[in-house]
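As written, the chains take the letters A, B, C and D, and residue 1 is the first residue of each chain.
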Amino acid sequence: MEPTPTRAEPSNGTGTFQPKITAFVCNWCTYAGADLTGTSRIKYQSNVRVIRLPCTGRIDFMLLLKAFARGSDGIIVSGCHPNDCHYTSGNYHARRRWIVFRDLLEFTGIDLRRVTFAWVSAAEGAKWAELVDEVTNRVRELGPYREYQALLGAGIE
Amino acid sequence: MSADFQLAEGSLDALFAAMTAAGRRIVGPRASDGRVEIGEVRSAGELARDGRHSVASAKVAAFPRVEKILSYRAEGRELAVEDPALPARPTVLFGLTPCEARGFGALSAILNWGTPDRFFNARLEQTTVVAIACTRSDEACFCTAVGGGPDHPGGSDLLLHPLTGGGYEVEVLTEKGRALVALAADRFQPPEGTARTAPAQVEAGFQMAEVTAKLPRRFDEPIWTEQSLRCLGCGACAYVCPTCACFDIQDEADARGGVRLRCWDSCAFRIFTLHASGHNPREKQGERWRQRLYHKFSYMPERLGVLGCVGCGKCSRACPVDMDLKEHLTEIAKGS
Amino acid sequence: MAGATVRATEAPVPVAAQANVFRPYRMRIAQATDEAPGVRTFRLEFVDPGEGAAFSFRTGQFGLYSAFGAGESTFCIASPPTRQGYIECTFREMGRVTSALADCEVGDLIGFRGPYGNTFPIDHWKGKSLLFVAGGIALPPLRSVIWNCLDLRDLFRDVTVVYGARTVNDLVYKRELSEWGERKDMKLLVTVDPGGETPDWKGKIGFVPHVVEALAPPSENTVAVVCGPPIMIKLTLPVLSGLGFEKDAIYTTLENRMKCGLGKCGRCNTGRSYVCKDGPVYTLSELEELPAEY
Amino acid sequence: MDELRDKARELLQAGTVKVVIGHAAPSAGRRRPVFVRTPADAARLVHDEGCWHNLATYLTRPQVRRLGKPAIVASPQVLRAMLQLGAERQLAEDEAVALAVGNASSIRVLPTLSAVEEHLATVPDELGAAERAELERLSALPPAERRAFWEEQLGRCLKCYACRASCPMCYCERCTMDCNRPQWVPVASHALGNLEYHLVRAMHLAGRCVQCGTCGKACPVGIPVHLLTLFAEGTVRRHFGQRGGASARPEYALSTFRPDDKETFIR
């Protein structure tokens, strides 16, 4: 894909880099938790775009790669705590895949500081806010994910 | 065959420097991790000149793996479509085998049939081909059976003949070649008649005329299934072939715009001809193998007036399961 | 067969002046019609009127239609060249591109490049009777030539159309079918497979080859054009032969997969023929010279 | 070698099998898969270090299946691939006869997957020293260098799919690479398309890879793609104690779980 030439680095107007964070969350726990963050009026940084899926078991590892390819600087993947899956075991299956995929990403030199896995329940509105703030701050510190962006368009004559 | 100049071994670096100074990118065979690749070469020392063949083909210079053929931007419901700028990258392909040089002729025949292919032509126009006559051949080579040879001039702008004592005699074959000589004119000396290293002996073992004569009547024979039993259906043969030009067209886009890309494709892949409905005109591997051979040795000669093969043997060397084209063609020629 | 041997020659046009043959016209969807489940027709108008004015095609030709971002797909031009100012295409939602096209609405822009391929030789059909036999989604290629001939009705003798689909619902161009049915200067037989009829279905029930057989159109001085799913074609051809149709008087169109439309990408190559250049229209005798790779 | 040829000849003569899948040596330095269908032809069979193809790939190929019941000259990696194919219901218990070759001097004829499993229990399943060293070397590199390494390597990938085509476990009739609704991975062999392809390949083989390394040897341009699958398979073995090709029972580490699976990175 072409790097979209119009993409300006998001900025809060003060010149600070505003990272683009994509969060893949399950419908039953983390999405509800994030909802609670809002209804509880807990403030947190607005850099995250939430993508809701039925279950962490449904979060294909390809989605993470697609998020990076579409310009994400950081990724959050989050769902129900072990034992709490709405579908009984989706998060257990997901956990196995995360273990393998994360290792593989590390082996190919993808920056693991930009990928955060979490369990956030429907009751943990505060944890969601903390998580987003923590990830946003860390990725802001790291700067734009230029190494991955450099892959876009590379190899096209 | 007659030489126009002589180029001393010690002059190669000066020639490379002159080409680089003139803004030419130099691409050629270079040793890398025990194999020979086609890649950018900065000095003559980086060139692989031990007679080993590169795995991949230099066709990338004019027919890259992936190239942009269109770009577009969405503006609301409107859409702006743009032609990509013509590639501007003057290139010297240095040290190719004469087979590789000949390959551009077949590529051009395919891509320019009926309508000129501006992307290929623009790249080729900016490419100067300097071939070095082969002094070594291997089991896979059969250039002599398909109209070529270890010192065949076809497709080259300059042809270098290695001399026994080092250095080359230089045949200038085209205006492009002449222009390249002019970049370092003082290095190109009058030929002294020094002995050339004998060109490689290439024993083809079959007559191409026999193959072309027999193909039309062997179409329905079991030989194709038999020859392709071990074929895995990968695209290695097509992707290293100097004359394979089949391609795919792919869009890559986001909401704001995108590009249309031409990328290599291969008739060995099952999905090459697969319809969206699930119907596949060439469902079996044997049918796909047959298509590969017929396209190169029957349909192309008939329709385009050129063979789709230069006998370089790259496909045979690249094949993970040793599908040996020379051996297969010999078998076809021998049959009734 | 069309397509003489072409010798490779140096490109006569300087590279900088060579056109980008992959660049499509921008077309606006002027009309969208749902024909049958998953089958849509677009009427397309040139965004650039100059391009539209310079554009011409002949019946039987095809083009590559792009949904920008998804890619290109090949269909025939389903409208006749006698209707100017627009082209029409009919397609079934099957893959990535056709689904993206199906999502487009009136006013959207899509791409079109063409026309490509050969044509139905209607100039040679003058003074003859015409028999069109189509099945399912294969009526669109025939629709162009049927309308073309109807618009030049005086040039031909009898015109007969036999069209069948699996079910009533699957019939395409329903409004045109009723228009053709009412015309006095042509004969139309519409049939659905047994079990595919509705309670109020007034057409025929039966498979296309049987309907053709029962109709027994005279073969003398008649051209037959057959287009449909492989099984329909396979069973209809012997019927036509039995009725005395010569192989040179039977035409069909091939629909091999294509990417370029220019004889280069290699996909549609079947025997010595490139369907995108030498086809898509073939007579039965031409077809029999090709390997059955279509 | 004589023993291998004798066994193959016997099986063909008795009509137990219709074809013996093995290797032939067309010339001194070359080895190629061969399909022996007559007792006389058994003389073409060879087996030595140069026979690197995992022949089990052919057990699922339509053109080979059409030949009838096969016997297969089987290194331990071929035997493992057979078990994994059995586990994935691609190969029935007695669908192929294995002619087990290996360090042991004599050829073992294994007529069923159970016999294969029994035999394999006596064969150590260890990664080659060279592969292990290379995995360790790469793992020890600073992340930026590892990224540079793979960027350079995968940048050369032609997407000819020789790795996929040569892999005994890549038998899917319609690979996800060939599906375009959605187009998960770009078709083009550019940097992104190549990286995504190889990550998908490694993920799809994790827990199923029999560690034969055939994919890497098949690569015409010499990219060590096998290191990716070996690595992912290694992760599965380390964390979940399951290995591809260990048995014909349908146990796939990534389609099951244990509530106490250990990880250290989930917040």
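Assume a residue touches a chain if its C-beta (ideal position, glycine included) is under 8 Å from a C-beta of that chain, and two chains touch if they have at least 3 such contacts.
Computed from a predicted model, the values in this text were never measured in an experiment.
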| item | value |
| --- | --- |
| Lowest number of touching-chain links that must be crossed from chain B to chain C | 1 |
| Between chain C and chain D, centroid-to-centroid distance (C-alpha), Å | 47 |
| Whole-Å gap between the CA centroids of chain B and chain D | 32 |
| Intercentroid distance (Cα basis), chain D paired with chain A, Å | 34 |
| Residues within chain D bordering two or more other chains | 186, 188-190, 193 |
| Junction residues of chain A, two or more chains touched | 1, 155-156 |
| Touching two or more other chains - residue numbers and ranges from chain C | 95 |
| Arrangement of touching chains [line / ring / star / complete / other] | other |
| Complete list of chain pairs which touch one another | A-B, A-D, B-C, B-D, C-D |
| Touching residues (chain side chain D, partner chain A) in the complex | 138-139, 143-151, 155, 184-186, 188-196, 199-200, 202-203, 206-207, 228, 231-232, 235-236, 239-240, 253-259, 261, 263, 265-267 |
| Residue ranges of chain D touching chain C (in the complex, touch as defined) | 180-181, 183 |
| Footprint of chain A on chain B - complex, ascending | 64-68, 71, 87, 252-254, 256-259, 261 |
| Chain A residues within the chain D interface of the complex | 1, 61-62, 65-66, 69, 82-83, 89, 92-93, 95-111, 116-119, 131, 147, 151-156 |
| Sites on chain A touched by chain B in the complex | 1-2, 4, 6, 70, 155-157 |
